[in-house]
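When the chains are written out, they are named A, B, C, D and E in that same order, and each has its own residue count from 1.
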Amino acid sequence: RHAAARSQITVYAAASLTNVFPTIDKTEKYSFGGSNTLAAQITQGAPADVFASANMTLPKQLFQKALCSKPVVFTRNTLVIVVPKSNSAHIRSVYDLTKSGVKLDIAAPGVPVGSYTLQVLKNMNLSSAVLKNVVSQETDVREVLAKVALGEADAGFVYSTDAKTVPGKVTVIKVPAWAQPKVQYGICIVSHSDDKTDAKAFIKHVLSKAGQRKLHRFGFLARVKPTKKN
Amino acid sequence: MKRAIGYGLFVAVAVVALAFLLLPIVGIFVHTSPGKVLGQLSSPVVKDAFVVTLKTSLIAQALIILFGTPTAYLLATHRFVGRSFAITLVELPLVLPPAVAGLGLLAALGREGLLGSSLSALGVTLPFTQSAVTVAVAYVASPLYIRQAIASFEATDPHLTAASRTLGAGPVRTFFRVVVPLARGGLIAGLALSFARGLGEFGATIMFAGSLRAVTQTLPLAIYAEFAVNFDTSLAMGGVLVLISALLLLTLRIGLSWQRSPSSRSPSLFGLSSSA
Amino acid sequence: MATLTLEQVTVPLRAFELRLSLAVDSTFALVGPSGAGKSTVLNAIAGLVKPAGGAIRCNDETWFDAERGVSMRPEERRVGLVFQDYALFPHLTVRQNVEYARRHAADEYLDRFQIRHLEHARPGSLSGGERQRVALARALARDPEILLLDEPLAALDAHTKADVRAELQQLLGGLEIPTLLVTHDFEDAAALADRVGVLVEGRLRQEGAPAELVAQPKDPFVASFTGANLLHGWTDGPDGSTTAVRLEDGTVVATTDGGYGAITLAVYPWDVTVSTHRPDDSAMNVIAGTITAVTELGNRARVTIGPISAEITVDSLHRLGLQPGRPAYASFKATGTRIVASRPPETPS
Amino acid sequence: MKRAIGYGLFVAVAVVALAFLLLPIVGIFVHTSPGKVLGQLSSPVVKDAFVVTLKTSLIAQALIILFGTPTAYLLATHRFVGRSFAITLVELPLVLPPAVAGLGLLAALGREGLLGSSLSALGVTLPFTQSAVTVAVAYVASPLYIRQAIASFEATDPHLTAASRTLGAGPVRTFFRVVVPLARGGLIAGLALSFARGLGEFGATIMFAGSLRAVTQTLPLAIYAEFAVNFDTSLAMGGVLVLISALLLLTLRIGLSWQRSPSSRSPSLFGLSSSA
Amino acid sequence: MATLTLEQVTVPLRAFELRLSLAVDSTFALVGPSGAGKSTVLNAIAGLVKPAGGAIRCNDETWFDAERGVSMRPEERRVGLVFQDYALFPHLTVRQNVEYARRHAADEYLDRFQIRHLEHARPGSLSGGERQRVALARALARDPEILLLDEPLAALDAHTKADVRAELQQLLGGLEIPTLLVTHDFEDAAALADRVGVLVEGRLRQEGAPAELVAQPKDPFVASFTGANLLHGWTDGPDGSTTAVRLEDGTVVATTDGGYGAITLAVYPWDVTVSTHRPDDSAMNVIAGTITAVTELGNRARVTIGPISAEITVDSLHRLGLQPGRPAYASFKATGTRIVASRPPETPS
């Protein structure tokens, strides 16, 4: 088919991809949202052609139910700590999160970023020391970011790409690379798509050099070729 | 005097209550600045969302009127076994967290839902279409209209309906020529509430209809989507929603009170407590 | 003229059961106290209330028959029902109200009831008399076979009531359909109807021409309704042509009616005369007491002495200097009394 | 007959409407099976969430009564400039998507909000506390109570308040001894709605109060959190919420109608349309 | 006894302005048509309506004075106001209603008004008369300096009205506080009050003892209110001791009152006699016409002939065979007429 005759496909993509995907391909229709919600909707027959999730678990689950093709990793993200510009709790590193009285906001364990957060803390052996300061477990990473940006929470774990969307409102504190979880974004073709060719073409485009460059510009990390084990 | 203090306390409490209700709205406007709010009015995303919202809301309210009015009338005028259950049923959508309501709608009308196969046999797929937005809004907003309609119908003078019957009009003609015109004020008030609730509907819509720009993305969904990108903009969009809704409610209220005033009760006794 | 018949129409109500047979062919007034079931009768005829038993027929057409399971709907029965509160549609103009039934052009009725000039007004801005005319016009424009009026005069103030009553009187005289009206005022019933029925707790106590009810009330209720004084007493039975009755205060009065045991006597105020000295006439019954109330109206005055009221002229009132607090004597003939209830003493068993 | 058809249409429409309202609830129960729903009743998460929900709801409703009742009374009995605005203000929380309402609450009462410094000077921090849940619920649910209360107060006979005044009772005593007892039915009905709405509140709560088990996690928040983990369990929890709310509404309704019946209107004219 | 005075009390109403000066020291009845402003007067006295001007004083205590800016609140004025609909608290028992004002133990009033046996009943289950007694007891238990009664008899049906009126008459006679009552029925006013004022569109048309108003009505309104027939006509002025008035139908009648131009004559029904032949007596005024209505009550009957109603005995009615539709003559003496309005012809200028 000619590119010109190509019909518009519908891409269900994680909320953190809101800014970058339209720069990769602005002709498609996008529905951005929490990966969980999107997955649930696809299960219910939502008219999606492509599903781009903020983790690999959800697309894998769909794959197991034969609801989508075998997912591939198309980008990676890192976890960071954000603190309000005022930083009234004087947090300079992950270790400051153990100070008593710090109001730490994280995402719920069921949400991808929530499970990554727990993993980081586990990797750093800080689980119990830090988790006692948790004041809320949000259902969406954006809620974590909002509460830090509004100065209500003293700190929160978010994706580094999220932190970039509220410039001037938050200060980013890096999490040591060795403690970083494997934050892999998976993409797959939805089984009931009636335009699999175009869906395949879209995924190819995302995985292409140009696509990867765009992702990089918005703070995403280059995809690492999935290991054979996956 | 003790009594004056008591009365003053009343006023003070009311002022606190109104201030509490006002504060978050002021908060939104202060946080984003009115200029930003007005700027949002010209954003294409907002425009698309506004069109979707208006279209689905209008259809949903039309459906609510069409189906809700006879339902309310029958519930208001008949005493039957299970009436309490039926009225509770009418109120339940109000209780459900909207997201659960959305899941319920999926479970009922989705592809795999109770009626899914019947619907697809008819060639109808509801979820994730604009019709789904309408259905979600109608489901969530209907209790506010139906409740008020029941109250209005219960308040219409049964002598007038009886008079209509003895004058040769059947129940249906009586309903349209007598009952509805008399209950009009209450019905419009109920509709205003239901419309307002529908405009702000989020949880059920995102579950049942998804959020696709220019198709199913209503203003609240756009606000949510924008929230992931820039929550200042999203707050400004919230401001837009507040403005539109307030304008709508006010217009309705003032229009109504203007029409109703001639038949309103004598102001003399109303004035009483204010002069005290 | 058409005839409406009610045959043993039965409606269970809260405190009692309504059960009634009735034939209406000219103007019939149903009078009775509040809550007697009067409105229920009209509602049953109009089809607004479904009786539990009995039958309602109008000119050989069966509107309701419990046994045959017939029950025409209100809109199918050709009745003109005028509600006590008139039940005009407040959102429609006078003309639209009258046109509601869509049977006849409204103009005829607007003219006939002299409400043409009000045709664009809404009921809310009409006076009581005007409202009633609109309600009547609306009911008659429906082309009814029978006219039902529920308390046609109760919603009016005294000032307009006299006028409206006179108007209504003329109107009913000129109508060619039977009319059943309901009122709790015997005077209104007498003014408007040929025949009057007294309904108490769902039963017809007495039926007849108004004058008949005054002349021969069957029971204390009918008597007091028609304006009589009621005197309660005890008698051992007739002695010759009269019966001696010992009243509650000890006074003994004579009546030409016969009875035995606990009895109630009816005496009309206009049969009672008042004097300041005990009358000599031994043929008279005399009740002595203190004047408790005096009401003057026009050339008549009503004077209450103990249990009895007398209606006398204002001239007599002034001549005798009757005033509340003064002692006086009320006297009436034995022939002016009627025994309206008697209960023989219980014999010990 | 034409008329009978018209009436039948009415009934048919009402049946469709009620079925539509019932379907999603049936959907939830069918999808998860009643057994699972009942099983959820013993889950510790549900128990914790239930306690939080009940506690915050009760306090929120108490606040709504305490502040909303005098407000509604003043709005019902006084005609003043800006009354329409005040009533619109009372209705606005209904229009706001709850998440926007939550943001508004943060912007107003948060640490960095309009009143943040004043509050922290008093040693009060609201966000992330159970009090914040209460505030969010009160904000979102209050319109339903206040609106109904205004209507009930407007319907009380002004002669009775006037009589109370001439008998020597001041406005406050009149309010408590005459107005409130007379409006009682309406107030309770409004409270039921507001309570129901509060039970299902999600968006404003998560924004303003966050979600922490046994502290701020209400049933709807628990349902949502579970949704990310296990769709079926979350639906079962939704079923629990439906059960509790329905039971609550029904109890209130039946209790009320039982008390109200003696003074209710004569059934004869009500029966009219049903016999037709 | 205390005195209540109203000095130029002014209340702007929808269609007109109420402006009234009044002194009440015994029992005063304000009569007038619906909407005349009667209830507004009571509300102003009770403090439920704030006048725009004037002053209200009770026993040297100033309750309201526009100029001095005094306006006591309703709960501070010691008035006993009985509302037309009684306004009993439906959610309280009879005893709780009576105790509401907390001034006196309820028992005294429960006994005095014979409602002790009802003390635990709620107002909804009481009859009209019982309700009124409760309302009175409640108002008096507040220990008022003045009693205000709004239409005390309007809510009652005719059957109980007579009893309640008699009761009320006795009660008001025994009270030691001034009473202002409002009614639209002149008969009730005459029965209950020493003095009567006729209020029309916010102004007092005439004030005096009931008999004075009947004898000397100042204008047509007062005349018709007291029960007179009104005849409209035209005269060129008195000629000797009488004035000849040409009525609308052409009949000329004579009156002993003087007037000029368009005038209105008042004739009371009891001053009119009816005959089937034109009376020979040339001193009589005669109006010929067809009988349009006949109402019998007790031994009296009211016969309407054209513009005039006559009250005659039932005996005469039957003797003369008077029936609607028959021609008849109504006659009355010149001295029985009163000119109640006259408007001189406009002189062309």
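Quick note on the criterion: contacts are C-beta pairs under 8 Å (C-beta built on N, C-alpha and C of every residue); 3 or more make two chains touch, one makes a residue touch a chain.
Predicted model, so just to flag it, every value in this text is computed and none were measured.
**Q** Would you mind naming the chains that touch subunit A and likewise touch subunit B?
**A** D
**Q** Based on the averaged CA atom positions, which chain is farthest from subunit E?
**A** A
**Q** Which chains are joined by the largest number of contacting C-beta pairs?
**A** Highest contact count among chain pairs: B-D.
**Q** Can you compute the centre-to-centre distance for subunit C and subunit E, using the mean CA position of each chain? Integer Å is fine.
**A** Roughly 24 Å, centre to centre.
**Q** Need the CA-centroid distance for the pair subunit B / subunit D, whole Å please.
**A** So the centroids are 14 Å from each other.
**Q** Centroid of subunit C to centroid of subunit D, CA atoms only: how many Å?
**A** Centre separation, subunit C to subunit D: 53 Å.
**Q** Subunit A to subunit C: how many Å between their CA centres?
**A** Centre separation, subunit A to subunit C: 87 Å.
**Q** Residue numbers in subunit D touching 2 or more other chains?
**A** Answer for subunit D, listing residues that touch two or more other chains: 3, 103, 106-107, 159, 162, 165, 170, 224, 227, 231, 269, 271-272, 276.
**Q** Please list all residues of subunit A that touch 2 or more other chains.
**A** Residues 40, 146.
**Q** Where in subunit C do residues touch two or more of the other chains?
**A** Residues 43, 48, 73-75 of subunit C each touch two or more of the other chains.
**Q** Going by the contact rule set out above, which residues of subunit B touch subunit C in the complex?
**A** Its residues touching subunit C are 157, 159-160, 162-170, 177-178, 181-182, 262-263.
**Q** Please output the residues of subunit C touching subunit B within their complex, sorted ascending.
**A** That would be residues 43, 46-48, 73-75, 77, 79-81, 83, 85, 87-91, 100-103, 124, 138-139, 142 of subunit C.
**Q** With touch defined as at the start, can you tell me which subunit E residues reach subunit C in the complex?
**A** Where subunit E meets subunit C, its residues are 33-34, 127-128, 154, 157-160, 165-166, 169-170, 173, 184-188, 190-191, 210-211, 214, 224-225, 227, 268-271, 292-293, 295-300, 304, 309, 311, 324.
**Q** Subunit A touches which residues of subunit B in the complex?
**A** These residues of subunit B touch subunit A: 106, 110-112, 125, 127-128, 206-207, 210-213, 215, 225, 227-231.
**Q** Which part of subunit B faces subunit D closely enough to touch in the complex?
**A** Residues 3, 6-7, 9-11, 13-14, 16-18, 20-28, 30-31, 66-68, 70-71, 73-75, 77-80, 84-101, 103-109, 113-115, 139, 142, 144, 147, 151, 158-159, 161-162, 165, 170-173, 175, 192-193, 196-197, 199-203, 220, 223-224, 227, 231, 235, 238, 241-242, 245-246, 249-250, 253-254, 257, 265-267, 269-274, 276.
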